[in-house]
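First comes the structure, then the notes that go with it.
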Amino acid sequence: MKKAAAVTGAFIMLAGCSTADISPTAEDEVTITYARGVDTTNATDATIKAFEEEHPNINVEVREMPPDTGEQHNQYATILSSGSDEIDVFAADVVWPAEFAQAGYALPLDRLIERDNVDIDAHFPATIESTSYNGRQFAMPAYTDAGLLFYRKDIVDEPPETWEELETMAADLQGEEGTSFGYAMQASQYEGLVTNAIEYIGAYGGQIINENQEVVVNSPEAIEGIQKMIDVTQSDFVPNNILNFQEIETENAFINGNTVFARNWPYLLSTSTDPEISNIPDNVGFTTLPSGSDGTASALGGWTTMINKNSEEVEASWEFVKFMSSEQGQKIGALEGSRAPTIESLYDDEDIQEANALFADDAFVETLQNAVPRPVTADYPEVSDIMQIELSRAAAGEITAEEAAANLERKLSAVLNEE
Amino acid sequence: MAGKPGRKFQLNEKQLGYAMVAPALVLILLVVIWPIMLSGWNSLFDYRLNDPTKSERIMSESLNLEEYADNRYLVEQNVNELSEAYPEGEETFNETWAVVEEHHEELVAEDEMAASYQEVNSMLNDYEPITDDNLRIQSIDGSWGSDFEAAMDEQIEAVNSVQQQADGDIALEIGYLAAQLENLQGSVLSPNFVGLQNYTDYLSDGRTWTALTNTTFFTIVSVGAELIIGLGVALLINRTFKGRGIVRASVLVPWAIPTAVAAMMWSYLFDGQSGIVAHYMAAIGLISDPGSLLTTASGSMFSIIFADVWKTTPYMALLLLAGLQTIPNTQYEAAEVDGAGRVQKFFFVTLPLLKSAILVALLFRTLDAFRVFDLIYVLTGGGPANATESISVFAYKALFEQQNFGAGSALSVIVFVCVAIISFIFVKLLGSDLFPERAKK
Amino acid sequence: MLKNQAGIRFYIFLAIFVFLVMFPFIWIFLTSLKPQNELTSFAWFTSNATLESYASAITTRPLFRYMLNSFVVSGLTTVLSLLIASFTAYAVTRLPIRGKTLILGLVLASSMFPPIAILSPIFNFVTDTGLRNSYIGLVIPYITISLPLAIWILATFFQKIPWELEESAKLDGATPFQTYRQIILPLATPGIFTTAILVFVAAWNEYLFALAINTADAWRTIPVGISFYQSEYTVPWGDISAATVIVTIPIVILVLIFQRRIVSGLTSGSVKE
């Protein structure tokens, strides 16, 4: 019995210390909580420092969310659906705003944007398109990302222009300079497969869902794109476990010098040129993704910033969001974390051009301008889930491109017409 | 066997008994049974958090005042702006606003509703979060809801036809007005009680059955392997030999590595390029090439089972080891006197006396295996092409990725029913062994 | 079967078996000593062994804080869960109460639902009671989840303890509660320690609830903490291997200490049919 009493005591003590970290703040000082994934660069800290200097009465606390994007989404959904106000501002993947807007988790920003005369047209149009839903702005772009083709400069003289050229070159050059494969991409059953597929489909002029929320995937163009993806994943020049490849595997294959070409996000440039971890620091080249019959298409990635609808500190939160998407905030992100700004004019900034070879590259800026957003729909998670399954089956060679397109059309229509 | 305690004593014992059971029951009822019942209730609704018209469980027609007030404000703003920007449509826009107003007057004719509306509207103006569901969701009587919906349908159509004549940016803006009218219409919440429809939908969906088949296959193979290996390990570490402590601790290591970490670790070991386990398996000819482990349907199922057996066998072994402790030495001595060899002792003494321990271990392992989630989610995410998707992974996707609580709950209840059937069979097999009151007689 | 003395063949077999079981862990250990650019090589031993990964593992994240959290949460869970479960198991096996089948059935039924499906209600419950980011917020669900297994194992153990011992204690004037403490608990030591290890490790391993409930870094437990070594596109295997090795060692020591108790019942010979 004595034991039990001691345990109860411990209970109370522990419950007590859990609340101890909520310290009262001075009346005019405001603390907001900013949630984001794990940031291994200095960018978040530097941004917050600069912001706090400008707004001495606002403190920003960082709440780390799971590093995996999918788990991060689920954690936000859990927290926000409970109506909690423990986070005020949060980083959202470029595909979330529509869903979170529809679910009522995010504060619409239109009135604030209008009040403070924020120029949202300074950002790349695709980034604004993906942060608005039904004509209302629910997020501000923080930084952007787009797929690029990386290659070995010591093997490839002239990078391929079209997917056909890539196929020939990858098959021919595979094995040179100790490489084992010609090409690596992301084909595991996860969100990355959707972005890769969108690039193939876009290159041949196809679309999944059009502006009017109609499913248009069962078109000759889209089928051609899917077919090209199948040709690549079923070829001999990709790793035999390509169906398990995500960004990390692609990065490893490239920096270990195992592959001639690789499709990845811009971050690969900094890791592959770092002699500490890369075997090929001096031989890295990059260019836009190959073209199909309708030019080149690169999937839009990147992150945005949203405000929790239940936040008690809307004004302070908005100041922070505004700061992060401003020229000043994005410049810090570019210099400290190599994050590609969404404000077009920043690419003329000399500091930024110096910070990363990518930012000075016209081809890269053009890629960003033309990046293709993934379908903007509130049902995106369900749409993505269906696409992952069907595209995974196609990439594995279980079904043909025609079957995949037909299945996608049937299943996606069922989702979008449910309402 | 049992003697008869005195009457007074028995009363005390009874009270003590209930008092001793109470803490466990209270916790279980509060923390687990209540959520289970809530899930069962959720599964009867078309309940989706990411759809404002379905984000509540609604039994009777209601109005989401927050959506209503917010969108009404937006429609008003937009009508004013558009009337100026696009005079050709002014008449239609004004007509639309008049219809919205007409219905609004009717709605706020009722005092209580008018007061609630005022409150919500002023909170919205101050960016105050509206967390009180009783305020946010108001039930509405009579035909207001259906009248309003019908009227909005007409107006949306009218606005759409104006949009078709316009072009460029202005057409886009008019499109937004239509969308806002749709949202306004969507603030009328129809009951989303669907009865057993979630169940009939999912039970007729091939994906559910694939997931159930995957789960069953995984459960049978992995639990079977764990039982056989676990029994061997338990017998081994039950022996006396030098260094027994170290061996015991080391065979338990796999189980002490958290599943989330173990799954990450295995994805590294199974990797087609740099995974050492994949490399050796291919080298000894167990698999055709290292890449096939996580990329083919059979390869990835094998990988998952392999990782699970590695990780959970110690758990099984520990449970069986505990069971071995209850076998009295005298039984073996008696068998030896009868001239039984090692094998006979195992089959005629160990196994029969270990029956209840084996069944309890099997029961709990089966319950766990049937609900497998972490390992698959981290290792394959259910791929390739859904070949390893378990029913829990499927339910997780519905619940947390798609925020479809109705469907996710229905899938969870399906898991529950399957597991309940399995448990029932085990408990029947266990029979008197598990129900001490019967054993007492 | 205890009389068979272990021969050399037995030890060879044992060594191979332990090696196979331990192989993944050994490999992780060897990986943790490799420098960054050798992480993906098949070579067993590196010629440039370094403790860099260990230094990085304990500096980039508060690993020792995670360990402390895990120890407190798992420890509290184990003690409380055993206390509550042994009460229930004793009452169900030994005391004349009604509805034993119902109680055991209900207890079992509570472990039939997928944990993911009760996550949301529990999350809301913990949020509403203000117990997020605390030890207690995790301990309450953990105890509840571990109760079914604990109750059932203890019940099977208690049930095998001869009634005669209890009867004689009663005749000596012991109250039922004294009987429970002085007769039943000591006799069931192997069962209690087995259950303790099972409950402790289950709490130690739990990921889903820990991830959702304790979102502040200072309250994270080991499984969640280790998963935070990665970032969006990178998995630092060196750090993760080193962290895995660091957190596994105390568990091994713990098992080494407690494993004697698991089988002590056998040597004391008090359990008889």
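The letters A, B and C name the chains in turn, as written, and every chain counts its residues from 1.
Just so we're on the same page, contacts are C-beta pairs under 8 Å (C-beta built on N, C-alpha and C of every residue); 3 or more make two chains touch, one makes a residue touch a chain.
Going by UniProt, the chains are C = Carbohydrate ABC transporter membrane protein 2, CUT1 family.
Computed from a predicted model, the values in this text were never measured in an experiment.
Engineer: Could you tell me which chains are in contact with chain A and with chain B alike?
Structural biologist: Intersection of chain A and chain B contact lists gives C.
Engineer: Let me check something: if the centre of a chain is the mean of its CA atoms, which chain is farthest from chain B?
Structural biologist: Between chain B and every other chain, the largest centroid distance is to A.
Engineer: Comparing chain centres built from Cα atoms against the global Cα centre, which chain wins on proximity?
Structural biologist: Most central by this criterion: B.
Engineer: Would you mind checking which pair of chains has the most C-beta pairs in contact?
Structural biologist: Top of the contact-pair ranking: B-C.
Engineer: Using mean CA coordinates as chain centres, what's the chain A-chain B distance in Å?
Structural biologist: Each chain reduced to its C-alpha mean, chain A and chain B end up 27 Å apart.
Engineer: Could you give the separation in Å between the centres of chain A and chain C, each centre being the mean of its C-alpha atoms?
Structural biologist: So the centre of chain A lies 38 Å away from the centre of chain C.
Engineer: Could you work out how far the Cα centre of chain B sits from that of chain C, in whole Å?
Structural biologist: 23
Engineer: Mind pulling the chain A residues that touch 2 or more other chains?
Structural biologist: 78, 81, 252
Engineer: Specify, in ascending order, the residues of chain C that touch 2 or more different other chains.
Structural biologist: 40, 120, 227, 235 - these are the residues of chain C that touch more than one other chain.
Engineer: In chain B, what residues contact two or more other chains?
Structural biologist: Touching at least two other chains: 273-274, 400.
Engineer: Would you mind writing out the residues of chain B in touch with chain C in their complex?
Structural biologist: It comes out as residues 1-3, 5, 10, 12-14, 16-18, 20-21, 23-25, 27-28, 30-36, 38-39, 236, 238-242, 245-261, 264-266, 268-269, 273-274, 276-277, 279, 310, 315, 318-319, 321-326, 328-332, 342, 345, 356-357, 360, 363-364, 367, 371, 373-374, 391-392, 395-396, 399-400, 405, 408-409, 412, 415-416, 419-420, 423, 427, 433-437, 439-440.
Engineer: Per the contact definition, I'd like the list of chain C residues that touch chain A in the complex.
Structural biologist: 36-37, 40, 72, 76, 79-80, 83, 119-120, 123-124, 127, 130-137, 211-212, 215-219, 227-228, 230-235
Engineer: Quick check: in the complex, which residue numbers of chain B touch chain A?
Structural biologist: 49-53, 55, 66-67, 74, 127, 129, 131, 172-173, 175-176, 179-180, 183, 271-274, 289-295, 380-386, 397, 400-404
Engineer: Could you pull out which chain C residues touch chain B in their complex?
Structural biologist: Residue positions touching the partner: 1-2, 4, 6, 10-11, 14, 17-18, 21-25, 27-28, 39-42, 84-85, 87-88, 90-93, 95-97, 100-101, 103-104, 106-118, 120-122, 125, 140-141, 143-145, 147-149, 151-153, 155-160, 163, 167, 170, 175-177, 190-191, 194, 197-198, 201, 204-208, 222-224, 226-227, 235, 237, 240, 244, 248, 251-252, 255-256, 259-260, 262-263, 265-266, 269, 271-273.
Engineer: What part of chain A is in contact with chain C in the complex they form?
Structural biologist: 3-4, 7, 10-11, 14-15, 17-19, 21, 37-40, 63-69, 71, 75, 78-79, 81-82, 84, 86, 247-248, 251-252, 256, 265, 267, 271, 276-279
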